[in-house]
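The following pair of complexes shares a single chain, chain A, combined with chain B in the former and chain C in the latter.
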Partner chain A sequence: MSVNEYDVLVIGGGIAGMEAATALGDMGFSVVLVEKEPSIGGIMISLSKVFPTTDCASCISSPKVSTVAHHQNIKLLTYSEVLDVRKENGEFKARVKQKARFVHPEDCTGCLKCEQACPVMVPHEFNQGFVGRKAAYVPFDTAYPRSAVIDLNNCIFCGACERVCPTNAIDFLQKDEEEELSAKAVLITTGGKLFPMERKKEFGYKKISNVINGLQMERLLAPTRPFNTVLRPSDGKVPGKIGYVLCAGSRDASLGNPYCSRICCMYSIKQAILLMGALPLVDVTIHYMDIRAFGKGYEEFYRQAVDMGVQFVRGRVADLNELENGDVLMKSENTDTGKIVEEKYDLVVLAAGILPETHNRTATEALGYATDSIGFIKPRADTIGATEVSEGVFAAGLGTGPKDIVDTIAEADAAASSCASYMKENFGKERAEKILRELM
Partner chain B sequence: MPTENPRILVFAGSMAYLGADNAGLLHKEYPSNSFVVKVPCTTMLRPGLILYALRHGFDGVFVASSGPDCPYLPDCVERTAKRVESAYDLLKKNGIEPERIQLAGICSVCSDAFANNVKQLHSRLKKLEPMRRDGLLVSQ
Partner chain C sequence: MPERIGVYVCWCGGNIADVVNVKEVAKHAAGVPEVVVAKDIMFACSDEGQKTMVDDIKNLKLDGIVVASCSPVLHEQTFRRVAERAGLNKYLYVQVNIREQDSWVHAHDKKGATEKAEELVGMGIEKLARATPLNPIKVELTSKVLVVGGGVSGLTTALELAREGIHVTLVDRDRYLGGFVRRLPDVNPVHRPGKDVIADLYSRVVSTGNVEILSGTDLLEVSGSIGHFRARFKERSGHIRHDADRELLSRAERECPVEVDNEENFGFTRRKAIVLPDDRVPETPYIDMEHCIKCGVCQRLFGEGVSFDASDIEFEEEFSMVVQSTGFQPYLPGRGEFGYGETRRVLTLPEFLRLADTSGKTLVFNGRQVRDVAFVYCVGSRQTETGGPNTYCSRYCCTSTLNTDSYIKKKFGSSINSFHFYRDIRAYGLYETMYERASREKGLFIRYDPASPPSVTAEGERVKLVTKDSLTAGRDIEVSADLVVLVTGMMPSEDGKKLSAALKVSSSKDGFVQELHPKLRPVETTVGGVLVGGTAQGPKDTHESMISGAAAAAKASTLLMKGYTELEPYVVTVSEQKCNGCTQCVTECPAGAISMVEMEGRQVASVNVAMCKGCGACAAICEPEALQLIGYTYPQLRAMVSFSPQPLGAQSK
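Here is the complex of A and B:
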């Protein structure tokens, strides 16, 4: 095992991790960015548009990807996981597992010949399972590094990919490798995930085929979307009537999620506006508890949706049932009229809330930060700056609490600047001496 | 005599440059004999520069405008179009085929569009005579 020394270890290559890593790299710190997926980009790169400007999300995040890719101070480790971290003499020693891709990324040209040759078809995670992918695949169009990866759990070892590869990049003998690296500070941007809606039995998610979650609708609306239009999953019909269920999996004590996920109102409004554009004849009804349009320009965005003809109905949805033709019968309350309403929809979208990504226990203990009952990282009790979670450990992004992209980027920059001041305070003299030595 | 491997100069606006960068990052296939120059915004690209490029070693010029995504000007498309229009006139006046100019709006993820535009211009230039290079040797 070789020991590599860096200034900062950034865990997670989503938008927060990329932003923090470039900020620190620009300040001259050497950064190692560890991402567990085969490509960096996180959730943002899969989204359709961002609110309230309706700018294309991948157009904003992919320049960030290329900045990280080219940055001379950033070492990128994709398809890698931090196994454990320990603290020695004020520095962190991390064991990182480089998972076997079974493809040498430096040889792979991303020509997709292996993908065409592979006979195995499994649901495509990036497209939320709407379409299939092969067992040998490039994660998505704008993935970086542009290299295929072989999913060994689904591979049938036919060797077709190995035979067609023009650069002999495929190597089935590759093994997971462990690497030890040391860093002076750690920045955690592990991010979050959508609330698993199957836990709310009444909504029948995964049982009723035309009930989808917000991220699935995001993919149906994205510029790189699978069907090039919005189709409902059961029979491929273009939906004429779409219902939204807000606060699905958040502000719901029965599911143990009493908090507001902050972004669901806004992303539902954004999707409603995009749907009006994509399908001019569609009726969109949003069933809400409260519309929390909290940011700059958000209330105006909500008004714009109202003016465009999006229906807003106040009241909780009680349950969803599948009808014979695939339509969904929604039973809900309208608190303005005080009546129980039953309505048929072609497609129902659950605006699911946010949960933090689960943390590696051993790493959490060694880094010495605490998480709350949900799993969000708690800030240190004795500091005002919310991004420092323990001595030399910083956190940003969805891992510290639900937030939108604007706030995530702001928090990532805040964490990077706190991290930089920590570095200067504790290692500034050492660093200055090193620079001086280099100049001599 | 058709041109064997035409040399292409790309003037890329700040957003289009990211698209070109992306094309490289994603291993897109496009003619290797193309050179990208980053300009802040294509609205300030003087037509004389295009003529200069064509006279000094390039067979074609691709003006990759940032399009409606331009961070500087909301009417970037119209202004760039005006510039290119006068460049057409300038080329005609100097006896150079105006087909040597390609104009397109490239966004920061338009890596496919970038590669396709370069390919398109490349195949069009192949059919034309090679440019006479005043003061420069023809080197391929």
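Here is the complex of A and C:
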């Protein structure tokens, strides 16, 4: 069983998990990183560009993916889920399910022949449903592992993929497998997800074709974007007038989310700047309550958007309605004039807020950390600046509250540091030294 | 020297390929005799892209690769690892930047951009064809770190490192630790006094047994490079024994005849010339010799325990890494800025917090009870419209003010009325609930336009604020208050600027320490071995400063637990035969790495490899070409400069 013993179990392979795992691995700890999706990378790798540097997100996250993938101290379990974790004698025992890919990743070369052969077309999650993917598919260009996976829920069992696979990597008989592993500490980086905008009925998300969320706009703007330009969903028209609704699903007690989601102001400003570059004739108007450009260089980035001609209108948006030609009629207040205004837009983007990923809380119940009413992991009572949420359990990233990439990285490194300290104090020679000092 | 070169031209999704015809560039490169294979790749950095290169190096027996993609800042390390994994010397790889230096800046000239890419790639090949295998310079790292600054961030860095078994020296000029947080009466979001938060951190730091605390110590000088930083300290004498008896100390304080303004409380309280720690850490008293009149009262109590002429101690130590946690300084409004300095009833937020903390059950200023407090936000921040120097947002001030509002209402009762003159309330994330609470607790929010900020004028014992409120469509608002609190932003500290200059750490436009990458590497600086934590890097609140401090510890431990680091082999070598002893290079070298030594009766240049940064400034001006920068040799540079691209069509004709 010695192969399944690790120093640290990291749950979640987004940017927080990758950063923390790399830091711990670099310090010499053995790490097992469990990711439920077929590829690591999380939300960040699917983004267009990051604020305020406008670096291409895929370009700056793929080296992190690569580092994790090739790290000698990191064992990667993708498409895997932690079923339960319990604490025994100060160590953690976890049961992990390796979901069947129906492809042997060690044989798959990522040649895409199966994908080309597969006749089934379903909406592509990575591209936010704008284009289709096959039932046999590689999740995205920069995925790791770059191995196909077969989506059995949509597969019609035609066998086309199996016939074309040059390495016979496809195996329909593959089964989920369970593995038991042990770790001395656990780091939770399970991340977050966008607020489900359909819950705000007034905005008509998923009913009005040309109302999309912020992550969908990310895909429309990404270097690997599906249409190579920005098109609105209803009729493929290049939008000339785009409206942004900030605080969509955030700062809204009526939806049960009283929090501010921290990133939506900035990603909207960034998208506005990118849109102006991509569509030189576009008009972008951002409807906001407070512009929260609080990070380093953010206020300057906001000023840049103002100088480029992005319109900022203060006031909440009341509702959105679809017009016959697909345009969206927005009713909102403008507190500067004190008037209620109606405005037509070709496309409306809901700057949707952040909720914690609904990770399997029962699986980690035994770890003894607390969550708030929304599900964000809470710090231990009366602690400040700490990432240890329960003894031997650490947390970072969107799971502890909404935050942007740089704050996520800092928190992940801080968690790695505290986790290393915990390991050294409880399992290293430092423990012996400490006991000795206390005796003397 | 490489004779079988592979060239890889990256699409970077559409970042490059939308402008540069990457297939054309690869085809062009294939025409160079040394090039065995030339390909275009969707994402060279992706695992798939890397695999292609590794396979090619092995299968085609390549002895060098050129990758034409983004800036080496992003991916030099990535592609070096590719070379290494394939068994190739990692310095037999050249990165050509056709994104930042080509496709992004020539988006409207696709033909020109493609030709430029061809030329840049050709130069890269020429350079590689004259390269030799190199090995990094290995520097041993002893487990010894200097943390400069003992605020929450520095203390957290020290604590984490010490818990990991690394020896830390923590230096602070202040005699008491805790920086800004020490003086906060109520730290958000734990709502404990700052000095308690600091005392807890301090006792945990002390209990590790791995931290040497030098408080009341000046850092006189620091120099060197990773593995070998030398620091010179001056420990200022406290003129009284550290372990002086508590009761005697209290008596000495009572009897000391000198009374001066207590700077800890901005003069809202007074103190004696003998200063007691008073819940501060370390718990050591001192005598303020600037004000002491040497009356001898305390000397009679402590005898030899007091020494007026005890001298400061200077000493030097060596460290392998330095963490800059020098914090910030609050913005100080100019005279007349929102009435500051003109009426006493205008205070800054740090001043107001000390007033509130040192007040009893009622909030009293200048003998009058305070009932109406007006907060003016964004003073010294977001000054684009007002023409001030600070264009940035100071991040912590909105929530700190909301917290202050709640704190004074808790302490002095809800009879206090608060008025908030703000621009945007940036109560981000979970802090939003504080904003909501402040509104519920009857805080009145007035939104002002930066073009017409509130005017502040004294009106008898009160202060009048007038502005237009954009929440009510620009209605004129007039508020009369007992006190006006200017919510001042954060500025980079003078001490921090000096330290950065000494270590040659770059600053960003706002004057704070420049992090290595604003998105991905927030606690590393432009200088190897120097990390940054807390507000020295940019405005943060208490929690965020601590997180940043812990993150800096993580980056230090990744190197220190390994015990060594590897530096670039791109350093300068000297040919003593060619050197004419002109000494120009000594003057030119920004790192101070070159000195003149005597050899066979004449003076020749000599390079300290550990200090050389490989900038090449010396080689550029060395007339006899005695100084040669490894990796950028004269033959390499000449070949690159004289490379002239042959249009593909011309070659075949």
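Assume the second predicted complex is superposed on the first by the 422 of 440 C-alpha atoms of A that agree within 3 Å, B and C clash if a C-alpha of one lies under 4 Å from a C-alpha of the other, contacts with A are read in each partner's own complex, and residues count from 1 in each chain.
One rule holds in what follows: contacts are C-beta pairs under 8 Å (C-beta built on N, C-alpha and C of every residue); 3 or more make two chains touch, one makes a residue touch a chain.
As the structure is a prediction and not an experimental result, all values here were calculated from the model.
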item	value
Chain C versus chain B on the shared chain A, clash or fit after superposition	clash
Partner chain(s) touched by A:103 [first = chain B, second = chain C, both, neither]	neither
Partner chain(s) touched by A:305 [first = chain B, second = chain C, both, neither]	neither
Which superposed partner A:297 touches (first chain B, second chain C, both, neither)	second
Which of chain B and chain C A:428 touches, first, second, both or neither	second
Touching partner for A:366 - first (chain B), second (chain C), both, neither	neither
A:197 touches, of chain B and chain C: first, second, both or neither?	neither
Partner, of chain C and chain B, that touches more residues belonging to chain A	C
First (chain B), second (chain C), both or neither touched by A:63	both
Which of chain B and chain C A:144 touches, first, second, both or neither	both
Location of chain C clashes with chain B - one stretch out of 27-35, 333-341, 423-431 or 567-575	27-35
Doubly contacted chain A residues - partners chain C and chain B	56, 58-60, 62-63, 65-66, 69-70, 110, 141-144, 146, 223
Chain A residues touching chain B - in the complex, by the definition given at the top	56, 58-60, 62-63, 65-66, 69-70, 109-111, 141-144, 146, 223
Chain C to chain A touching residues, read off their complex	12-15, 18, 42-43, 45-48, 50, 70, 74-75, 77-78, 81, 85, 152, 156, 159-160, 163-165, 187, 189-190, 192, 197, 208-209, 381-382, 384, 391-393, 395, 398, 424-433, 436, 447, 470-474, 508-510, 512, 515, 517-523, 537-539, 542-551, 553-555, 557-558, 561-562
Touch list for chain B against partner chain A, complex	18, 21-22, 25-27, 69, 107-109, 111
Touching residues (chain side chain A, partner chain C) in the complex	23, 26-28, 50, 52-53, 55-56, 58-60, 62-66, 69-70, 110, 141-146, 222-225, 228, 250-251, 258-262, 290-300, 303, 314, 335-339, 376, 382-387, 401-403, 405-407, 409-411, 413-414, 416-418, 420-422, 424-425, 428-430, 433-434, 437
